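These are the structures in question, set out in turn.
Two complexes, one shared chain (chain A), two partners (chain B, chain C).
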Partner chain A sequence: MSTYERRVAGKRLKRIDGIGKVTGKHVYASDFALPGMLFGKILRSTEAHARIVRLDVSKALALPGVRTILSAQDIPQILFGTAVKDRPVFAADVVRFRGEAIAAVAATSLEIAEAAVRAIEIAYEPLPAVFDMEEALKPGAPLVHGAWGDYQALPVLDREGNISGRSSMAGGDIEAGFAECYRVYEHRFTTQHVHPGYTEPRTAIASWDGNGDVSVWCNTQLPFDMKNMLAEVLDLPASKVRVVVPGIGGGFGGKLRVGVEHFAAWLARRSKRPVKIVTTSEEELTDAYPRQPTVITLRTGVSKDGILIAREGRVLLDCGAYANSGPATAALALQMLAGPYRTPHFSYESVAVYTNKGSTGSFRAPAGPMGNFAVESQIDLIADDLGIDPLEFRLRNVYREGDKGPAGDTVSSVSIEESLRRAADAIGWKDRKPGPDGGKSRGKGLACSWWLTTGGSSGVYVKINPDGTVTVVSGAVEIGTGAMTGAAQILAEELGVDLGDINATDVDTHLSPYDYGAQGSRTAFSVGNACIAAAQDLRRQIGELVGPLWNVAPESVRLEGKGVVSGNNRLSLAEVAALSQRTGGGLISHGTFIQPMPTFDPTRVRNHPLPAWTSHSFHTHAVDLSVDDVTGEVSINRYVVAQDVGFAINPTYIEGQIEGGVAQGIGQALSEEIVYEGGRVLNANLTDYKMPTMMDMPRVECILIEKPSVNGPYGAKGVGEPPCIQPPAAIANAIAAATGVRIQTLPITAEKIALARLKDGD
Partner chain B sequence: MSLNASSRSAPPAMSFSFHRPGSLDAAIAFAREQGDAARFLAGGTDLIIQINRGRVAPRHLISLDGLGLDRIDEAATEYAIGAMVTHDAVVNHPGFQTNLVALAQASAVVGGRQVRNIATVGGNIVNASPAADLVPVLLALDATVDLRGLNGTRSMPLDRFLVERGRTERRPEEILTAVRFDKPPAASATWFLKAGRRKAMEISVICVAAQLVRGGKARIAIGAAASRTVRVPDAEVLVERQGAAAFREAGRIAADAVAPIDDVRASARYRKLLVAALVERALVACAGRIERGEA
Partner chain C sequence: MTRQALDLTINGESHQLMVEPHWSLLHVLRRELGMTGTKENCLEAECGVCTVLLDGKAVNSCILLAEQARGRSIVTIEGLGDPEHLHPLQAAFIEHGAVQCGYCIPGMILTAKSFLDERHGRVPSEAEVREALSGTLCRCTGYQKIVDAVIAAARQMNSWPEAARKA
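And then the complex of A and B:
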């Protein structure tokens, strides 16, 4: 990493997409419309597991304004899925969860489409269902997928019956490890379904052209993955599918996979009209990609002076009726069980389980908050039992530079100790149990973690225009994080221009270079590196163009102050771009980047698609809160995050990511839960699904630590996912410090605290 | 007048005729004519959601806007709040900042700002949700409702008007025009408390209103704890007799008196715990305000 003074990267500059968004002029997918388009609605199952014995659309089809109704019998029987191809577009014979799509209607108005959905006649024959993961694993449990053995799946997966994937990691000698422990602790934790809570519902508008090509405008985070997936379910070559993302109102991992795009595309194909579908809140809370519930058991052995010696851990993860990213998320949970701690002897297992509930997905930091809640709650329980301060306990056990991770990979650029110390100092850790506070009890808690920066390749096309501006075409979507502004800041830095000189286009898979997508905290990191590569290539092109004119070596040419300079020679960038257009094809470059995969020890790992992490980040959250002594209501007084970001490309938007992640984490900690009862969601509306409001949010105090990574642009590390990992654990620990009550099931509602305190008082 | 709403990208998933009658009598006559096919529209913050969810499908919506029901009238001995007065107007009314502050407190926590700018006092009452925030305050104030129908106006105590969840004594063509209550004496106070899972945009898990008059009456009303908003006369009498010494006991009596349900928002057991706590706290708050002369 070079250390020269930067003009653009690292500065608190305004985001390039900001004005359109704050003035309401930005076109999101849900704003998008085409002339003559129809409106689509989905008929969804009212049974959790049942055979469809009758489906009659004739009355619905007869309604004026209804153009097309499709069900399984009208389209090829293609199964799709990320890890396991287990999901049909429409339930064919069997529905596997309440809310599953059975048919779709396209009509001239939404009201007619809704009326048509109601007019479809359907009859079911109920089948035995299973809703609980532990029940689903018992011998003789109803199978969610009777034909699981026939499905295509990633070869890495270990599947059987209701198990869609099973992974493990082990090192040292677990039995010998436990044998030498001073004490061994065993605890069980459970976590809940939470929705990503993006502002814009999932939307798709599909239209077919005269060549039989389909264009789909939608708000996906992964346009190229979407293109391939749609090609599969439409039974088309991928080259005939075009995905365009006009704008996306938040994703948080909930818009990685197909939502309503396939329905819109099929309806448009059959009706020969463009079709638009937008999900409702009820659909979002019954058939989306929420975070998976987990049951986590931990058995941890320590020495008398609080050194971790051995840990055994098991994660059960509830995929719902379809695997989607469940197997990979369950595998990632193994690294969360390890945490940022040296543990010589360990054995971790995770099992992704099918149940007759809605499918789930890769919500921001998949597996992160669940594993962290278990591990960091247990660390406090152990530290308290040993009479060691929880901060001190952590400091004795955290990774040091060059330690080995659970897969035997090398952990580098380690900053966990600094983040722990700075967060603890900021929250006033020395006074961790301030005690009674006028009918309330006050306490402080902290939790630390690590996370990865996801790999995958990025490409950008960068053009320098004859007016001196720069256009960057990327396949990565700006999902609201400011990541594309970060990448543009890096590009501006490298090309010697201002951020305002950079234009970024929307993503169109027919035009944009490939990108692995806006996921895994990778966008600014990976696209930023691709921009550096493109800028280097443009510098070369410019050197080769002006070198002969000026009689200087091409390598002597520098880009600075919106100009091209060598010695006393100077031309504006605009002049050079115009010169290039007159004499050649213009200044244009394709920059690419892919993060190198680290080496690891394969003997430690079984069936894990992502065994070794790259460009690790380290972070600590610390919270000061008060609990009402009677009602259990939690009020957060202060919240501190000390996060290692490697290099802060734009501190303002990093702080925005941290604040937003903390808000989501507070929701998971205290209030949010999709509540199932017998396969039915009891709160499929935003009245009773409780995301925090501004009134629930403390001001989040951000401490940005910059311990540079090896691979990131200027040393940057992934930023976006980590902030939602620690809030449940930090808050649980603070509540325990304040009240003595330890809640091991999320969310930690006021009711749970109040009733637990009553029990304690009995 | 009829209106067909439309927007650029999606037509509404509902259709109905929208009517703006020129007078209350015209509104009542039209409602009588249409019977079940018509609904009065105040702020619409509940009705439109119910239409959207397919729970009701009126062919006609009769707007009560522009009929003079949006005033808060102060007379020598009483206040009359028009049915179309918004929660925002209640929050900001100068008369509701001291010994009637519970009105402002309750209206301030109805939905979010957008809802408070359009949702009405009348709607909050006739909707008859047991969780309505303003209703316990009005019950604690011994409020009376005015109902205008085919044969002029009749009045009845709010306590009698409320029957149970979603049901009142209002006849289909009757319009609740105002809710009235006596101005309380200077040495008196009101207080409102609400518990929910989050601190705003919340439907009450329990809400409680209390009024105390120095040397006089005590009133305790509770929302979301039974099939309608209820008063707790036994607890009121005890407080009237024994004063502050009985506040905790009043909470216990109230918790015993209510019949909450278990639902996705909270268990009945927790709701009873909240009733006991919030009743005591509301009474303590009232007594403190009277003591400190803040009332």
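And then the complex of A and C:
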């Protein structure tokens, strides 16, 4: 770390897109419109698993204002998917979940499109369906995909029947490990479907031009991935697909993959008119990319003094009818089973399972909250049984600098002990004796974890304009986190300008350099590093431009105070940019970054797409809560997060990530669930899908730890995903401390607590 | 077609429209007038992103028929302040880091304005803000910085004469 005082990076500065957002001028994809555009609507299956025996669109097509209706027979039979190419645009012969798209209408108004969808005649012949993961794995269970063996898939995947992917990690000698344990504990935990809950519905507007190229304005987190996936389903070279993201109202991993873009593009292609589609809340809760439910079993052996010796773990993950990111999420669950703990002997397996329910995705910290809920709940159960303070138990077992992770990769920049101690001190852990609290029972709990900073490459174009401002063109979308403000702060720092001098453009895949996308806690980290590279290159260009004028070595030229300086020579940055425009085509640079991949031991890993983690972050959550003795309702008195962020590029927006992530985690802990009865969602609306409101949220006390990473800009680590990982476990542990009741299924509703306390004869 | 003439006053300007009787105010604002500062999500008054002021009171424009706004004063986010002259709530939301993706923010700010106007300058407690704004969902922020921003704006507006606050 350099010791110089930073002017811009590390400061609590206002975000660069704030004014547009508070004045209503920021244009989101859902605000976007084109002249003459049609409105699209999707006909969705009302059966969970059935053969389509009749589909008649003639009456619908005859309605005035209906321009196009498409179903599987009207377009090439192309299957798409991230890990497994298993999903059609429209269900062809068979529907595999209730809510699956069968046909799409484009009409001159949304009302006409809706009427047309209702006028389509359809008949089904039901097929045996399977909704439960464990049932789906039994011999003779109905196959969700009879032709699974014919699908194209990532070579790393191990698939069979209803298994879309199976991964494992193992080290040490599991049998010998268990043999030397003082005690061995076995527990089972289950977690639920939760929706990312972005406030802007998924939206796409597609338009084709005279060259047969299609432009799609949409609110995706991954414009380049979207471009490639659309090229696939449209059967076009990728160069003929342009994706533009005007603005995006939240993503949280729910807007990574094709949502309605492909329908809009196909409808626009056939109707020869622009087509806009916006999802409804009902569609969001039946056919989106929610967090997968899991069943997790853990068998953990310890010594008498509470040292972890051996652990066996298995994760079943319900990816629904189409695999999407299920196999990769299941694989990531293996690192979560390890947790931030030394465990000499281990064997972890995960299985992603098809069922006849909606597909699922990569909601913020995929696999994080599920694995952490199981591991951190069990740690408390073990510590209690051994009579060891749960904090002390964790401190005895956490990683130390240079330890090996489950894949044999080196764990570096380790701060787990500091995060545990600081969160515990802040919540008043020493004074945690549970007790009555006026008709309530009060208790404290904590949970810790680790997470990665995802790799993938980033490119930026940085231009210095002749008025001295700077334009950064990135392929990364600002989804709200403030990551692009963070990257701009880094760029301003490097170029010697103010944050207010930096402009960032929207993403347009025809114009923007490549970026792996706003996912995996990587945007500020990776784009920030690309900005540093671009600034270095601009310094070189400027040195070569002014060095000969001043008769100084180009390397002696510095950028500071919005100027270019060497010795007594000084020009403003604006003057140098203007000079370059007159003589050399202007100052522009292409800065790039990719995080180096760590080495690992391949003998420990099977069928895992992301076996070794990089730029690890460490974090602890501690909660003080009260449980109503009659109703079981939980109220949170205090909530503390101690998170290692490496370097806090903008503490205000890092706190914003933590506070918002905790809110999502509290929702998963206590109230949120997409409730299925068989294949049917019972609560497909925002009244019955219960996200935390302002009244449900406590203040979140944030402690930012800065243990620098090797690869991050100024030592920064990924920040965005981790805060939603620990709330379910920390809250479950505090509820157990307060009431003596241990709930092992999420969400921990008031009813579950009250019923469990009744059973306990409490 | 059953369109009927409807004059609406939005942000002090009068608009002569022909509307279907079943159209919501949200539909008229966004689709007919292209005023997209008012946002659209659940369309059943659960999320609050479509909030506008009707005669100064916060309402969900998704379940209000445009016809019900006849003869009344409508204020949308476009009418609150502009980039050069931000309303104290708008400025406070930026200052306190209360804006992330921003999609709920127009509705959140207008709900806060209606709430503060009703209090005639009295600065609310945190609990009062949380209750008053609980009808608008935000998935990014965890709400804390929004609460802080509203209280800070209330403190600033507290010193204003009544007429200036309502402007």
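Simple rule for what comes next: the second predicted complex is superposed on the first by the 760 of 762 C-alpha atoms of A that agree within 3 Å, B and C clash if a C-alpha of one lies under 4 Å from a C-alpha of the other, contacts with A are read in each partner's own complex, and residues count from 1 in each chain.
The working rule: a residue touches a chain if its C-beta (ideal position, glycine included) is under 8 Å from a C-beta of that chain, and two chains touch if they have at least 3 such contacts.
Given the structure is predicted, the values throughout are model-derived calculations rather than measurements.
Once the two complexes are laid over each other on the shared chain, residue contacts for A:S58 go to neither chain B nor chain C.
When the two structures are aligned on the shared chain, A:M695 is found in touch with chain B and with chain C.
Contacts of A:T687 after superposition: both chain B and chain C are touched. With both structures placed on the common chain, the touch criterion links A:K21 to chain C but leaves chain B unconnected.
In the superposition on chain A, contact of A:G197 is made with chain C only, not with chain B.
Contacts of A:T631 after superposition on the shared chain: chain B is touched, whereas chain C is not.
In the superposition on chain A, contact is made by A:G656 with chain C only, not with chain B. Once the two complexes are overlaid on the shared chain, A:G480 sits against chain C while remaining clear of chain B. Once the two complexes are overlaid on the shared chain, A:V278 sits against chain B and chain C alike.
Comparing chain C and chain B on the residues of chain A they touch gives the larger count to C. Under the contact criterion defined above, the residues of chain A that touch both chain B in one complex and chain C in the other are 30-31, 33, 278, 687, 693-695.
Listed in rising order, the residues of chain B touching chain A in the complex are 8-15, 54, 112, 195, 197-203, 263-267, 269-270, 273-274, 277-278. Here chain A touches chain C in the complex through residues 12, 14-15, 17-28, 30-31, 33, 196-201, 247-252, 278, 280-281, 479-482, 652-653, 655-656, 658-664, 685-687, 691, 693-695, 697, 699-700, going by the rule given at the top. Looking at the complex, you find that chain C touches chain A at residues 30, 34-44, 46-47, 49, 76-78, 80-83, 86, 90-91, 93-97, 99-106, 109, 129-131, 133-147. Against chain B, the residues of chain A that register as touching in their complex are 30-33, 39, 109-111, 114, 118, 276, 278, 630-631, 633, 670-671, 675, 682-683, 687-688, 690, 692-696, 749-751, 754-755, 758.
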